[in-house]
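Listed after this line are the structures, all set down as structure tokens.
First chain A sits with chain B, and in the next complex the same chain sits with chain C.
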Partner chain A sequence: MDGSRMDLALFSQYIVNGLMQGMVYALVAVGFTLFFGVLDIIKFSHGDVLTVGAFSGLTAYLALSGMGLSNPVVLLLLVIIFALSVTALLGMVVAKLLIIPLKQARAPALNILLITLMLGTVLRETVRLFFPNGSSSKAFPTLLPTGGIDIGSFSLRIDSVMLFVAGALIIVGTHFLITKTKLGLAIQAVAQDEETSKLMGINFDSIVLITFALGSGIAAIAGIMNGLYYNEINFSMGLLLGAVGFSAAIIGGLGNLYGAILGGFLFAGLQTFAVVALPIPTAYKDVFAFAVVIILIAWRPTGLIAEKYSERV
Partner chain B sequence: MSSTIDLNVRNATTGYDAVNVLHDVSVQAKAGNITCILGSNGAGKSTLVRMILGLTPARSGNVAFGETDITKTRTHKVIGKGISCIPEGRAVFPKCTVLQNLRLGAYGVESEDEIQNSLKNVYELFPRLHERKTQIAGTMSGGEQAMVSIGRGLMSSPELLVIDEPSLGLSPLFVTETFKIIREINNRGTSVLLIEQNVKQTLAISHYGYVLGQGRVVAEGTSKELSSSEAVHSAYFS
Partner chain C sequence: MKILSNKIGIFAATAVLAVYVASLMHAESQLTVGILSVLFGSAWFIGDKTGASQMLDKGIKENGRFSSTMFLAAIIGVAIYLHDDHFNLLMLTTVMVFVIACLGLNIQFGYNGLLNFAGAAFFGAGGYTAAVLTQNTQIPHLLILLIGGIVAILIGFILILPVLRTRGHYAAVVTIAFSLLFRTLVEVSPALGGAQGSAVKGLNILGWEFNKNIDIAGLDISFYMNYFVLALILLLIAIAFSKAIERSWIGLNFDTVRLDETAAACFGVNIKRWKITAFAMGNFILGLIGAFYAMMLGFIAPNNFTFGDSLIMVSIILLGGIGSIPGIILASAIVIILPEKLQGIQEYRFLIFAVGVILILLFRPNGLIKRKMRQFPKTKAQGE
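On to the complex of A and B.
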């Protein structure tokens, strides 16, 4: 009797954990899907932009608390603003100096992929070398309330709820931006037809820059969410998160916003399933999830969500 | 209100990669007129359109809209000067609704009143678009997409409308209808630069025209002159 109640609590914990992970994956996948939608490119450095975001946040925290600031709300706000600014700027610089010129020179997609792959390594190694003792994990501060809401034997962490809601708001906001605003309409136009979008009077380059700022900013949020949830970040966190986010975007159908979100939660669902229901060691959860992803991609090469006309970014 | 700005292409040369497609081309689209560019496939008509709009900028010579040199002006800024384009093959945004397509045509227009006014005019011209305003453009018939593309080109109330082969792939009945509409647009005061292969109907509505052959202007004149010109016939039947 006691044992099964324990299991229920543990089970709920896994579910909450899975939902949180799913949200982080979905946020990363949204970036991949935005970049692909607008420019038909795979930006492999996206995961490492997330790392840069998380470490910028940590840097801001260390600097501000060093200056004596201790109000967690103010700290969190400034941490987010700083990380957002750094990554948005990084995204725009990468687009301006690398992606747009490469696209203009009609570089093969493979070259862009390779270049962003190398860029990712540069970012990752920079974080490692720039941070004192950068090879080891860094503690990420607790800036959210630590309490829990008791539901029977299970205690729901308030910070998980807050993080989940924040992630959901960002996704809803992005969706609103793309489907309901003039900027979003321009992003859709650029995604569908670059030349014709220019003929509408749209400044193609600025739309690309804005899209890169947006996708990179969302990655920073995902990085900070991850840090706040696990209270720990490390220089290679973007590697796995990037790979997962990319797979999530692919399973959902690259370029499709809903697909990216679905893919993110699906991946986390698979990991959770592996942990909860399969008689395999927990460490194998990623192996299991990626294996299923491979099968899914083989089964539905263009993604789970059949591309309806209106849905692709 | 009638347009007062001439478009002048002077001694312009351009092309793609290492190859020049247009050689020393001079063309004028007079304010208030319908000016046509005739020429067979591959003559360089669409390249001329791309050059005017800055998609394939001139390599030498120049393009001016009124007093403004737009030779090296980037496409979205050319549009901002009052030129609008109905591109070859319609190029509607296939995943956007009819209304979104039309709104994109008015992307540079700030005032919502003006946009609403343009929408009203377009719906008057094409009542079908009003009925179908929530339909996804990619699911429409070729003729309907042509309406979307023309309507979209009008949304910015341009001074000059550049139309690249509007009759392409349309039924004869709809072609006739399209030419009527182009004349109507011109009657309302918009200058038109009309690229076409449909010689007879084009000359019937144009004031002045040019014939392109292998990237050069091989003949020009009033439509009456061109109708009886040897060059026109040889450009098409040789």
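On to the complex of A and C.
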């Protein structure tokens, strides 16, 4: 056996894995950052919206394949559309019924935080209780080509490449939407100053609703990506992904799209580094990553791409 | 209605409360539990609407010492009534453990505005200290409780730099990350028992075995009564301590830091000093009672100290009303007893609990019992 070549293959596998994880984290973090941008709130149910997205995708798949549909491309497309619609609608309902009224009543930030945390529990428990046999892990269907490209001893799975490209496209698309379109301009305006944006004729409520639909939809994509990559989903997957996404958005710098992406890949990078390079058991990778997050936040208290603000008394 | 504001009224109210708690804890059938829960909710609602609650509130304020004594008597009464019931005594004591833990958190968060999402981690730090020390050493158990608190302070000091430097949402991530880190750490470290957890020896103070049933004159008393009595003593100390802090110049400094850091700093309040003080005090209480809890349960596992448990502690404080000691007591009782008692709808209890918390926060944003703030005497200049 050629040990060093084996190691290289394993090493590349870790890198691919890390990049995939980073993409999922970044997608979740983008949602946190969008919500924070427009309403200055942390919506802690975001991770569980991801779970809802993944499970509605699975529901759509089961229903469609039950009806005899077997073309994977059509299936995948319909699965994504269904999951997107469910979470986008969920995001809008939550914003309309819960978050906008709370903001208007000037509820303390902490109450909003706890309410969204509890909302996350409601979503999680709803999936667990009302999805058939929801408390056990569910197999997620393989809808992408399963082949691999052989590069030396290392085989790159085609589905990983496709997922990664798809994730990158979504992030680029979101960035384009925010920076280059009229809608994005309106979102930026709302993020900068609610009052002024209203004076400029922007419909504040509908911009907030659109932002929530957008962020929640991205979470659904992240959930489906996670499902397609690991071929397994479970009702509590959103809890850790949400916490990691939140940490990523924070260490990147809240309200900044680049920060969210940086934070997501940084977190996955730290986990991969702990596994590949540190002489500690693999199980400690999260301990290492979270410890570095704490150190980073001590070093840059408002994130790596720092928020610009000044104190007002 | 007026009767509620004098001693007879307070006596009657606490007696009703004691009977209510005792019957709730004793209730077996889900129907009874359901009826009793609805009864409490409607009594609360009617009390609010008719002004009875305000009357009672006024009475309690005027007869503070009497009310506290009556309340204490009510708790002891319930415990005596449940004397041979292991499960319910354990639950009653667990409520008190959570009250004490949340009092610790309340010093950080209610008084000083320092949000700590790692309450369960500091609680667990005490618990694991107790596990390691009771198994490997002969250190007297009362001392172990103190060491549990000190270990929690020391672990807290690791976090002190990021805690001091960050604000708001950025501060939240520090303790959230630590909470997740702690749980994973205890889960994967074989020295602490890993995911399977670790056994903890029962308390033994000066030769008095806490894990033995008591037999006084033929009366069987559950061994949990030992823990109940010690927890009650600890609770009284914790309440006295919290109140002393709140009323003192330390509490005044805490309040200024919470209300406006920048303004407080301008008036020469040393923000860092008071944040460190509050953080250390709170963590000490959390660690101490965590050690007690571990010894009472006799067994701890990483699952006892998850991020979710930290959230439960924070929600107790928010539900009760930030900074309010009676609020913490009421909210702990609701949060601990209700899900336990609602076994019939066991599957749905977290869902119901979460919906309940959302509703309470929507309709009572200040919590169930609002904190009574310090009232400075009004001066003539303020237009009396």
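Simple rule for what comes next: the second predicted complex is superposed on the first by the 304 of 313 C-alpha atoms of A that agree within 3 Å, B and C clash if a C-alpha of one lies under 4 Å from a C-alpha of the other, contacts with A are read in each partner's own complex, and residues count from 1 in each chain.
As a working rule, a contact is a pair of C-beta atoms (placed from the backbone, for glycine too) under 8 Å apart; a residue touches a chain by one contact, two chains touch by 3 or more.
Keep in mind the model is a prediction, meaning the values are calculated, not measured.
Upon superposition of the two complexes on chain A, no clash is found between chain B and chain C, which fit side by side.
If you stand at the C-alpha centre of chain A, chain B and chain C are 90 degrees apart, rounded to the nearest 10. In the superposed model, A:117 makes contact with chain C only, not with chain B. Contacts of A:150 after superposition: neither chain B nor chain C is touched.
Contacts of A:254 after superposition: chain C is touched, whereas chain B is not reached. In the superposition on chain A, A:129 makes contact with chain C only, not with chain B. Of the two partner chains, chain B is the only one touched by A:201; chain C is not. In the overlay built on the shared chain, the residue A:185 is in contact with chain B alone; chain C does not reach it.
Put chain B and chain C next to each other and count what each touches on chain A; the higher total goes to C. When the shared chain is aligned, chain B comes close enough to touch A:193, but chain C does not. Superposing the two structures on chain A brings chain B to within 17 Å of chain C, judged by their nearest Cα atoms.
Chain A residues 311 lie at the interface with chain B in one structure and with chain C in the other. Across the complex, chain A is touched by residues 53, 55, 74-76, 79-80, 84-85, 87, 91, 93-97, 100, 103-105, 107-108, 136, 138-139, 152, 156 of chain B. On the chain A side of its complex with chain C, the touching residues are 36, 42, 98, 102, 105, 107-111, 113-115, 117-119, 121-122, 125-126, 129, 239-240, 243, 246-247, 250-251, 254, 281, 283-284, 286-287, 290-291, 293-295, 297-298, 301-303, 311, 313.
Every residue of chain A that touches chain B in the complex is listed here, in rising order: 182, 185-186, 188-189, 192-193, 195-204, 309-312. Contact residues on chain C toward chain A in their complex (touch as defined above): 115, 159, 161-162, 165-170, 172-174, 176-178, 180-181, 184-185, 187-188, 260, 262-263, 266, 307, 311, 314-315, 318, 322, 347-348, 350-351, 353-355, 357-358, 361-362, 365.
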